[in-house]
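Going in written order, the chains are labelled A, B, C and D, and every chain counts its residues from 1.
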Amino acid sequence: MNFRSDNTAAAAPEILAALSAVNDKPVAAYGEDPWSKQLDEKFGEVFEREVRVFTVATGTAANSIALASVTPPWGGIICHAEAHIACDECGAPEFYSGGAKLVLVEGAHAKMSAVALKEGIARNARGIHSIQPAAASISQATERGAIYRPDEVAALGAIAKEAGIALHMDGARFANALVALRCAPADISWRGGVGVLSFGATKNGALAAEAIVCFDLYRAEEIARRRKRGGHLFCKGRYAAAQLLAYFEGGLWLRLAERANALAAQLGEAAAPFLSAPVESNQVFIKPGVAGLAKLRAGGADFYDWAEEGSGEARLVVSWNQDEADVKRMCALLVSLR
Amino acid sequence: MNFRSDNTAAAAPEILAALSAVNDKPVAAYGEDPWSKQLDEKFGEVFEREVRVFTVATGTAANSIALASVTPPWGGIICHAEAHIACDECGAPEFYSGGAKLVLVEGAHAKMSAVALKEGIARNARGIHSIQPAAASISQATERGAIYRPDEVAALGAIAKEAGIALHMDGARFANALVALRCAPADISWRGGVGVLSFGATKNGALAAEAIVCFDLYRAEEIARRRKRGGHLFCKGRYAAAQLLAYFEGGLWLRLAERANALAAQLGEAAAPFLSAPVESNQVFIKPGVAGLAKLRAGGADFYDWAEEGSGEARLVVSWNQDEADVKRMCALLVSLR
Amino acid sequence: MNFRSDNTAAAAPEILAALSAVNDKPVAAYGEDPWSKQLDEKFGEVFEREVRVFTVATGTAANSIALASVTPPWGGIICHAEAHIACDECGAPEFYSGGAKLVLVEGAHAKMSAVALKEGIARNARGIHSIQPAAASISQATERGAIYRPDEVAALGAIAKEAGIALHMDGARFANALVALRCAPADISWRGGVGVLSFGATKNGALAAEAIVCFDLYRAEEIARRRKRGGHLFCKGRYAAAQLLAYFEGGLWLRLAERANALAAQLGEAAAPFLSAPVESNQVFIKPGVAGLAKLRAGGADFYDWAEEGSGEARLVVSWNQDEADVKRMCALLVSLR
Amino acid sequence: MNFRSDNTAAAAPEILAALSAVNDKPVAAYGEDPWSKQLDEKFGEVFEREVRVFTVATGTAANSIALASVTPPWGGIICHAEAHIACDECGAPEFYSGGAKLVLVEGAHAKMSAVALKEGIARNARGIHSIQPAAASISQATERGAIYRPDEVAALGAIAKEAGIALHMDGARFANALVALRCAPADISWRGGVGVLSFGATKNGALAAEAIVCFDLYRAEEIARRRKRGGHLFCKGRYAAAQLLAYFEGGLWLRLAERANALAAQLGEAAAPFLSAPVESNQVFIKPGVAGLAKLRAGGADFYDWAEEGSGEARLVVSWNQDEADVKRMCALLVSLR
């Protein structure tokens, strides 16, 4: 019963099949193939406006290249202290941006409030001696499984706009947030002021396909350059493109995310008495204590202590193809802890 | 008749099939899966010694991360003026290294001679005011299709060792060079003094699988860190690993390269009177003049002028799955130019 | 009555005179002049051991070059959240280091405790996904005027050593701390585990002379390279060297710092009821409230609100040549606030 | 008889005296003092237009900060292969720019011709795979003592403008070029298309005072940021400002440069038969062969072989306070070589 992360899951058969479908004759390299060329239009349909799309190999690459393109080296990127870009990318944003600074703010469930964003913007205010606020970055869903509603995104977007800074969204679990909110992709991205989005597909069923979705079109050239310099312009672009096209095909991405969320909800119900965060997407945070976690492990469950060993808290992540029987067994285990 | 580049080719069926074979249950992410864990051993067998292997998404990433790991920011990397790292990576080596300098040397067929390397090492000699020679980088095969024999690699390796600098090899077409030389992989890598190798599989039949093969084991930790910061540590590592394991399986990589080289040799014979470089691997350089190239294109051939438009020279690259009938037609066209 | 900062003060006459004394015949450039060549030895005497000394133009340069030389780009530098390197250098440490991360810890009076250092070291512990602790940096005196006693430095040094990280000291006000502690320079630097020291002279009477004092001799070559690349290797090195030699001559530096500290102590006594930090060096922090600060200003005093406008708190800094009459007047004003 | 470089010279008495003149009461730090605040206006008068001026400690800093402000990290800076930025700054431009690439062109006497600039711009033309031409940088005077006439600057400026790239001038010896040309400072800078100028004063009589003169006013904010991050915003700004104000006062800078040029002309006449470059400013290049140079040294002359040991060629640099008797003796020595 592996609940360690959705990145432990295999790829969806539909996406794997798409690789075979494009694996034929010679086509132009470096994103000039017929499938790569469909990406701008396809994403444009999904997001209901003109966009520029850049495939990359990992979410860290998507985040770092996107962020480097919205901040000068002397800029500050306001983000939650638990954000993936702050804790899990080994300084990749600093590397790609030439040394920009992450300005860490607090907030329940790894979510940035409007107040926190304002404080983060105001924090460095010694003129030339301070770094200059350049961007805010939020995760949808957050590292604690919380999601931003359209009005919450818009509130942050408005603050960012007024401060003259960009709003970036780390959408490693964008689909999970989206289906939970039952809104349009546009509602939690550009309509709310998001200028650049890291759009994740890998965790939700792809093999390795992430995309930088650029709404601020004037930033596209810079993103293209930074991607190339980062070694993220795929030589045989067709395979990343095929994954993303299949991901959207027939709403596959939504179905996969819905399944994960629904199973997570089951876990959430079973764990209701010791949930340490509301279950809003496909992540479940529980705090049954050290002994409780030991029991779960003794019962065959595999997961991470969160945020650190010995905290008595744990994270359970449900993937697109989580075994339903496993979820049932886990629910029983959780109920047994009550 | 597409002879633009071997990167326009599809992936070998055996490699594509390998993706399905690993696409099953949950496994650990970030290179801790069972297949990724076989890479060090598998490459160790191929190279007849202990190595550390790091998969990345592109050849540019492999080169840049490898180079950054062998030079300080104030270092000089001696390479041929036509090297891929100098001309085709949009400054990725400078980016990853924090601003190291490529020191460009000349040489026939994009090959670095011992004399050129010595001159490149000696070029910056104003003490603290100069950058400090830190590495030499050679391409196997070169951007002009030439290959380094084991003794040539060893000669460069000896010079590098004496100068206290590292020797890096860009092996984007390592397999093509290897089968042409009929030697062991070790003979043109670590036995000749190569400390870090960019091992390419994408051009020769993979979808997107390149590896940094680290012979200088003490550099491994730094490479791991730089890969992570570059966003090149795959989340679902199994797919890159599966490609590389399949690449070696039953000598597939050698068969694919041999086929490409053999067909290139046919082109070379047909183009003998106007070859502008010896045909040593899977690249054929011809200089039939502007009119001649126009005739080839009128006959249905697609290729790049080399190194620039209007030069009257062209590069024909033969891929692992080049259509044999196409090669025959192209040979006929070439003969008709005589 | 200017108490804004000790950097508003002019230069000591003895130091200015030293410039004329060396302003004669041609001498070798780039630090090869007779005066620059004395620096290693002179600092060696002051610090009672072999050192390597590098003059630079500013304290920001000293800190950033020193820090870049003790951390890889993926390193973490643990420092207090109010440290100069964190708040007042516009990201210079991130720039020089290629994107290392400052790990901010708390502590009274901008001082890092042993507990805080341990927590800072432990904070990023997700293996390859986290930055790697590489250095701790402390300010002597701190941005809140506090000083580290020899045993406190040694305690931090021991923790750093055990963790395998370097200990850096920002000694912009090293002299003020030193004379307050009545110990040897060695006692609060290398004997306590400091590997690299930013030694400030500008605030305490020089025109523009800061030095990186390198105790970890093997780091010297890297510091030399980073200084050159930062544009901090003075062309006419004699003038920076002359300032530093004069600074030490006859104990000038100690006399200047003692005077500043003594006058600050007078202010401290006058402000005793509303001191917001103990007066340990030449900085005095008071919190008489917004109205109180307004009265001081109405009385002719000039100073900064601290740490931000409207806090009701202020910082008064006393320089080496603060006017004694001004201090008396200020004392009277402070007393009148009681 | 020291003819090694003009940076071996002491400072002009007028400039030293100016330091004392400002060494009085407390003034605002970080360039907000009364003298620093005069710089924009004073330089504006000299250059006959609005400018923004940034003092820094060295010429390397001026060049690197200026260049970083006119190129993205993926930019190319076209310069002569012998340029100071290419040969003598240990990669500082690459460091400050985040890894931009110097594109080296050839040309007699280290001078860039219009043809060479065009070729340099055209050299990298593989789209996203190539770096992007961003700036050209020329030295006035060049590293071989040559100078650009106003029409030559304008020709390069026109090419740069048409290509959409910036024109930077390394004016480490701007005064020497200026007085030789008997034109206005504007004629060889912004009127010819120079957007940013590294204005040197150190070699021509200052202690340590270089200025970035920004004609493209919209770049000023970026230069300010990069200067701060580089540790080049002087804490006590008054001293650098005082040097520059004194430099201009009463035309001192022109008198100093004229003297140096005139004495260099005497050397040039004496060395006429073996001059290896025309004498246009204060540098004299001679090629009397290895034996000839040995005789000069035996006669008491000190200078550098150029560009490398054993070339039989040498560089003689005359400073603003070169001893006249030394020049006479050297002339006699040179004549004796005929």
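Going forward, contacts are C-beta pairs under 8 Å (C-beta built on N, C-alpha and C of every residue); 3 or more make two chains touch, one makes a residue touch a chain.
The model shown is predicted, which means the values in this text are computed figures rather than measured ones.
Q: Comparing centres built from CA atoms, which chain ends up most distant from chain D?
A: A
Q: Considering B-C alongside B-D, which chain pair is linked by more C-beta pairs in contact?
A: B-D
Q: Can you check how far apart chain B and chain C are, centre to centre, with Cα atoms defining each centre and the answer in Å?
A: Chain centres of chain B and chain C, defined by C-alpha means, are spaced 50 Å apart.
Q: Centre to centre, by mean C-alpha position, how many angstrom separate chain B and chain D?
A: 42
Q: Quick check on chain B: which residues sit in contact with 2+ other chains?
A: If we look for residues of chain B contacting two or more partner chains, we find 30, 73-74, 89-91, 95, 98-99, 128-129, 225, 228-229, 233.
Q: Show which residues of chain B lie in contact with chain D when the two form their complex.
A: On the chain B side, the touching residues are 73-74, 87-91, 94-95, 97-102, 104, 124-126, 128-131, 308.
Q: Which part of chain A faces chain D closely enough to touch in the complex?
A: 30, 72-74, 98-99, 128-129, 132, 222, 224-226, 228-229, 233
Q: Spell out the residues on chain A that touch chain B in their complex, using ranges where they run on.
A: Going through chain A, the ones touching chain B are 2, 4-5, 7-11, 13, 16, 19-20, 22-30, 56-65, 89-92, 95-96, 202-203, 207-208, 225, 228-236, 239-240, 319.
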